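A single structure is presented below for examination.
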Amino acid sequence: MRFSRVYKETVLDSSFENWKKLLSHYFRINQAHLLMLARTEILPKSLVVEIARALSELENEKIDEKLPDGIEDLVFLIERKLSQKIGIEKAGFLHTARSRNDIDATVFRMCVREKLIEVAEELIGLVEKLSEKAKRNVRTVLLMYTHGQPAQPSTLAHYLLSLAFDFLEVLEGLISALRVVNLCPMGSAAITTTGFKIDRKIVSDYLGFFEPVENSYRAIVTSHWINMALNPLKVLASDLSRFAQDVLHKASCEVGIFNFPDELVQISSIMPQKRNPVVLEHLRIRSSVSFGSFNAVEVAFLNTPYQDVNENGDFVLFKFSDGAEVLKQALQLTKEIIEKMTVNEDRVRELAFSTGSTATELADHLVREYRISFRQAHQIVSEYVKSGMRYDSLVENFEKLTGKRFTLSPSQVEEMLSVENFVRVRQVMGGPGEKSIEEMLQSFEDRFQNGKHQIEKVKLFIEESLGKLQDDFASLIFSRS
Amino acid sequence: MRFSRVYKETVLDSSFENWKKLLSHYFRINQAHLLMLARTEILPKSLVVEIARALSELENEKIDEKLPDGIEDLVFLIERKLSQKIGIEKAGFLHTARSRNDIDATVFRMCVREKLIEVAEELIGLVEKLSEKAKRNVRTVLLMYTHGQPAQPSTLAHYLLSLAFDFLEVLEGLISALRVVNLCPMGSAAITTTGFKIDRKIVSDYLGFFEPVENSYRAIVTSHWINMALNPLKVLASDLSRFAQDVLHKASCEVGIFNFPDELVQISSIMPQKRNPVVLEHLRIRSSVSFGSFNAVEVAFLNTPYQDVNENGDFVLFKFSDGAEVLKQALQLTKEIIEKMTVNEDRVRELAFSTGSTATELADHLVREYRISFRQAHQIVSEYVKSGMRYDSLVENFEKLTGKRFTLSPSQVEEMLSVENFVRVRQVMGGPGEKSIEEMLQSFEDRFQNGKHQIEKVKLFIEESLGKLQDDFASLIFSRS
Amino acid sequence: MRFSRVYKETVLDSSFENWKKLLSHYFRINQAHLLMLARTEILPKSLVVEIARALSELENEKIDEKLPDGIEDLVFLIERKLSQKIGIEKAGFLHTARSRNDIDATVFRMCVREKLIEVAEELIGLVEKLSEKAKRNVRTVLLMYTHGQPAQPSTLAHYLLSLAFDFLEVLEGLISALRVVNLCPMGSAAITTTGFKIDRKIVSDYLGFFEPVENSYRAIVTSHWINMALNPLKVLASDLSRFAQDVLHKASCEVGIFNFPDELVQISSIMPQKRNPVVLEHLRIRSSVSFGSFNAVEVAFLNTPYQDVNENGDFVLFKFSDGAEVLKQALQLTKEIIEKMTVNEDRVRELAFSTGSTATELADHLVREYRISFRQAHQIVSEYVKSGMRYDSLVENFEKLTGKRFTLSPSQVEEMLSVENFVRVRQVMGGPGEKSIEEMLQSFEDRFQNGKHQIEKVKLFIEESLGKLQDDFASLIFSRS
Amino acid sequence: MRFSRVYKETVLDSSFENWKKLLSHYFRINQAHLLMLARTEILPKSLVVEIARALSELENEKIDEKLPDGIEDLVFLIERKLSQKIGIEKAGFLHTARSRNDIDATVFRMCVREKLIEVAEELIGLVEKLSEKAKRNVRTVLLMYTHGQPAQPSTLAHYLLSLAFDFLEVLEGLISALRVVNLCPMGSAAITTTGFKIDRKIVSDYLGFFEPVENSYRAIVTSHWINMALNPLKVLASDLSRFAQDVLHKASCEVGIFNFPDELVQISSIMPQKRNPVVLEHLRIRSSVSFGSFNAVEVAFLNTPYQDVNENGDFVLFKFSDGAEVLKQALQLTKEIIEKMTVNEDRVRELAFSTGSTATELADHLVREYRISFRQAHQIVSEYVKSGMRYDSLVENFEKLTGKRFTLSPSQVEEMLSVENFVRVRQVMGGPGEKSIEEMLQSFEDRFQNGKHQIEKVKLFIEESLGKLQDDFASLIFSRS
């Protein structure tokens, strides 16, 4: 046996399984590289056509179940099969002006950009759900908490748009990440390019990359691009964990602000009030576990030499993919949660009232209306709350302390303390008042559509590039050689 | 005592020490907020002037050594001192339409943007050093490694520009991060803005922010902005650790490609060849420790509720600052290393020759020149290397295997195997050949100057904004009230 | 200047500050090593006495503010001062059969064992508080939650003892860690010991170590001991974060099971029901931040060569110390929380009743008493809960479904549904019933006293060893040389 | 459909796949619990026998491919199948005095203890290989490095035993971890035990646990046990990464101290000296990736409430298993590396001589022999090394500086500078001298055999317990009911 049994079973065989999933990327690269060798006339047309036809056949054949002895990996296996078709002399020319190194680096970037786009698409779906639900809930009152305690009333739209803006920043981060990731290493060969007069731009274009990774050493050794790719994903995972934890609290039976339908809840026959929204815990778990997978990738690169190392290989790459898959699940669960949860507005009003959450607004009103100081206003309202919200005590206290006449009627005071009034008066930029929310929705929508459009553009660009590659490759095969 | 002794000593006192370092940000916010309250006529001019003068006095006074009993924090302490100057009734008006929450969130963003700019400036200095050294070493030959083994010759410029492009991506990441960080929470008050007709744009402009964080809930609760800020820093830390590890290898006494001057080396009197470049280890340590500090920040937010929580507070913020300070040290050490290390070109040639690193080029040449296949070329060159590079064996073997005449003279073969030739022929995009490097330097320079300019622009924008704030505040103080 | 300015300021000066805090350990090592050199007669008595007297003087002198130029570190500075006192020839003999490497490794282990013992002592104090509070609250009813929803009644003692057992496992982990940490590297010299006939046991004994780290290479290079030391600390940090999160929930105003006194609460004058127990958030933060610091230490060692590297140095060591200090704060806060929080038992009963938490017990009783199946019992009780707990509906339903006579009186049913009964019947091992708790307290107490005793023993062992060192060193100084 | 499609596909279906792998544990628990219910006479014998027979049939039946609609998980699916066999009334009795909670917690501990034992067994195999190779290489010289530079000669045995002691500490950590993990939650039911008079010890004994987790709340909620379990594994992963990095250096072509056979090396036909021992990189990757997986588990628990949460569930558990599997691969690779690598002793001598690594020994000898000071000795030897090791210059310099006569012959000096002499004189505890190594091997062997024996004992204990369970369960089935 060429390799030690332990090495083969532990390293080579597992790598073989990984590479099977990456194989179509490898074939695309073969096609693009071959077309480039033809266009630059590095190889003669007839040879190119012969290789192309063999490649085409190979792609339609079944892959071996197991890695045969003595073959290092799937790429060598494919090369051997190619040699069996057209002879080793001719087959060898496919490898002109390239190396395992630039092929691998290119495959991995194709894989990562795919994952980034998939996550971006899930995220876009979620953000659309958030924005749509926000639009339908501009007046749905909600209670906002600080440090686990009720603080101030607001609206569901205000809350959901907060998340939506966070996710929009993540989306913009994904677009930046794609700009770093979607560059083509091909042509770097082992690490210093080649003496052949290749045209790296042709290969890059065919494969849907924005442009080549210019410096060829960097194209092979850097771990930047994968770290940059996982950055926005980690932020997203962290955000989702925080969302889950907050909704778990608001959906707890004692708080009871958010309700979930039976299809997302586990019920106890004997404790009918116990409705565990375990979907939220599963969201939290997927968030922190995807976070952990991305962490593992980051840590794997640390303190490794700035050279071509196997950390830039399939084993670590699949750790990244695992994280992305779990994160996609988390996004799906979040979308489901957003879609199906409802607000118990009566409970919001009850809690807001019982905890005096709207009392600050009455104090603010006294400041604005009677030009008294904050301190006085707070003292008066505080006494009022302590009195159990007795109107007469409010009037008496106010007039005694300020020497002014109190002109609000009992119903005016009540209205002043209502959740709806609290929200209504907050019309400045970013507040929960209807006008503010409308403006927010507008500025959100513009930025979001732009982000969404950019993701779509990248996706389309890649698809069209690969489409052109398939067309040109087909023409090559059917051309007279 | 108002607070439990343990709570005061463990939490409040340490927080007080942190806040002392943040105090100037807090005074800037007071000034901007006050000017806004005046311009929007929410407070009468005369009151504003009185508060402004008192604030101005306060800023010049010495801060207490210790947090007095019963006072929660430095901000409350300042407020009390303000009250002592102009009476609690008037002092209280400064707090109109704001809250501890939006003040804190604003202070923290001012602090983080400062750190980002400081790191960016160190990074710019380092990148300039890299680019300058690259320009001066376009022809300095270097040996490149893969998996810890010598692979191919290249140049110092090629190597340094690889790093430079990595760092440029980090710089661009810092610019993106600043776009996320440099937004103003002021006006969000506790979490839902206020009923007062404030103008958030005024405060944001005075404080050098690009614009307000629109959604007020988000302005208080999100941990996005700090996670987004630390992302490029973590990538940088990881890159530096990889650079350190690689240079440690190239500077080891057995490899001996990089030399360091005595001022960066610890020497043993008895082992003169032992020159420990421990500066590299200290770089590696600072890289991984700053990476770890940023990790600690990320992890602290995980699974906390999406509410206003104290994780968004000084304790975690200073963990971020610690990381940034250590990273700045790492950048300084790297700049020193880049500046002072030199290449032992003779050793490069010796290693390249002895390991046959240039032999691939001879094989490639045979393919191009004689149109033989790769396989044949490799076989011929391989035999030649095994023969101890005997010219006659090369000729004989070539002619026997190909049936063609070998036309290269001994000196041509030698030249073909030289490190210089290897580099020279690699003229395609991204390679180490002089033309490629010149193009690379050009495309690098353009992007870098743009990045540098953007950082400078942000810095200038903040300085001018704060300058205008100081001017307008001074005018206010000296205006007739 | 001997060293580059950047290197000196960034590396040497910061290291100097760290070493100042470690200086007494260094002097202890000097003493122990010198006594050993005397006892083994490697150095003549008179020389030893002269060195000893000079060392003694030096320890009482003030340390320089700044590291002088050209001196690498504090240890070299001390050595130079020693030379100034007795001449470089004699001073040099102190360094016989030792090296900076084994001194450093020994200092660091002395520092880490100190931190471990400090944390252990804080932890012991906390566990004693838990156990004492548990003893006083064997019958204090509490509601237990699963997945954020009320599940079953229990007692405060049951809850606190759960924590106490967790912490006991941590304490036992600390004892194991001490067994790994408290071994002496001295005598390993650079990495291979020495040709002098030293006695490593003497030095180890004087310094309070259990024994030498046998393999001398390992004594210098391993990072095991520090990783092993931080393991139980990380588990503890994680536990505390989980405790904080749970109590935050139980202390929220809607749940209201745990109360906190004013001294641990931040109050709003206008929202009297809003009592933010922010001490819990500060505990959570300190838990996750200390966790993060320990993580940073672990990560710093990853992928560094298994050699003597500077990661085994003061910079990383102080990261460990930082984590331990923050963790000690977390323990102090936890102790304060345990001491001062109280249970609102009426609220427990109210919630238990309203959520039907005790209904399972009624069902179990029906199974045991009437030998009906679980399914039937659950169905009957479920109907009863849905009926609003109407007795007649229970009787009717029971008799219809089982064909048996229902013999429990209304008050018996009520009793059956009481929180107190629920707890009382759970007398099996580990349950909240009084008998079970008494047994648990007993088995806990035995194990805890053992753990506590072991920590005390280690501490005493170290103190006595160092005491003997001081005595013998004093004798040496005052002996006729 | 009972559950939302997204929830079912994302959460329930993936959980179903995980549980299939845990099913045998679940059946063991059913058997043990049923036997206990019989022995305590909580259930009548005839009912128990009927349930037992049905369970036995079920275990032999094929599991469904997919989770049917409306069924929450595999355990409910099995329960339904049981009901289909013997009727829901009877089947329900199996669930007497237990809950999903204690079953899950027990399954997970059975799974983790299995992984711990598997890792321990791989580790034992590796340690045996280390110790055996050390024994065979007591005199095989090796060069030791500090900070990446050659420092001092030693032996392969010295080096390997350093690792062996590290791993022994890990093994002892695994034994401690098993003491924490191998405790039985059964009988805790939901979280507060039960009113039935169960005997938790019986179940615990049958399942091969040391004893029950006493406190029932803790049995369900703590994440301790899994954190404690992963602690030694993380240390091991870190150690292996350091070993890999060190061997990568020593096996590099420039250093050339360690050689690897072809079966572990990737060779280049054209660069014969380039022999990439990529197996070492794959070891490094597996080390850091398993480290990362364990990190993900730790992080997932952080900041979750100290309640029964789904983090204590299959999703996170399988993250732990993933880490353990990758770590087992790392151990297998390490064993292979240890077995097959050889030392190039000539290269060791060459490097030791050329770097003056043994010169310290000559200086030490001068100190001991001529009673001159270190400073003088170092100066003399330093001049000698600088002179290119000319004997006459040594003599002249010595006599001039010391005024003493130099009595060593040229061959004595040469011998003094040999690697063999350097090693030979280091006979104190822990050094590389033969006597020291023999003692080290002895003390190592004793401790290791003890550790190995303890793992074997635990494994046997579990096997015998489960054997007895099978026997008693078989007796039950075949008894007259």
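Chains here go by letter, A, B, C and D, matching the order in which they are written, and residues are numbered from 1 within each.
The rule is short, and it goes like this: contacts are C-beta pairs under 8 Å (C-beta built on N, C-alpha and C of every residue); 3 or more make two chains touch, one makes a residue touch a chain.
Remember, predicted model here, so these are calculated numbers, not experimental data.
*Asks:* Tell me, which chains sit next to both chain B and chain C?
*Replies:* Both chain B and chain C are touched by A, D, going by the contact rule given at the top.
*Asks:* Using direct touches as single steps, what is the fewest number of steps from chain A over to chain C?
*Replies:* Minimum number of steps from chain A to chain C: 1.
*Asks:* Taking contacts as defined above, which has more of them, A-B or B-D?
*Replies:* Comparing A-B with B-D, the pair joined by more C-beta contacts is A-B.
*Asks:* What is the distance in Å between the mean C-alpha positions of chain A and chain B?
*Replies:* Between these chains, centre-to-centre, one finds 24 Å.
*Asks:* Please compute the C-alpha centroid of chain B, do the same for chain D, then give the distance between them in whole Å.
*Replies:* Going by mean C-alpha positions, chain B sits 37 Å from chain D.
*Asks:* Multi-chain contacts in chain B: which residues touch at least two other chains?
*Replies:* Chain B, residues with two or more chain partners: 146-148, 151, 245, 248-249, 278, 281, 284, 288, 291, 295, 299, 302-304, 309-310, 360.
*Asks:* Tell me, which parts of chain D touch chain C in their complex?
*Replies:* Residue list for chain D touching chain C: 88-90, 92-93, 95-96, 101, 144-148, 151-154, 158-159, 161-163, 165-166, 169-170, 172-173, 176, 180, 187-188, 190-201, 212-224, 227-228, 231-232, 234-235, 238-239, 241-246, 248-249, 284, 287-288, 291, 295, 298, 301-310, 360-361, 364-365, 367-368, 373-376, 422-423, 425-426, 428-432, 436, 440, 443.
*Asks:* Which residues, counting only chain D, touch chain B once they are in their complex?
*Replies:* Per the touch definition, chain D meets chain B at residues 146-151, 248-249, 251-256, 269-276, 278, 281, 299, 302-304, 351, 354-357, 359-360, 363, 378-379, 381-382, 385-386.
*Asks:* Could you please specify the touching residues of chain A with respect to chain D in the complex?
*Replies:* 1-4, 6-7, 10-11, 72, 245, 261-264, 266, 278-279, 281-282, 284-286, 288-289, 291-293, 295-297, 299-300, 302-304, 309-311, 313, 315-316, 319, 329, 332-333, 335-336, 340
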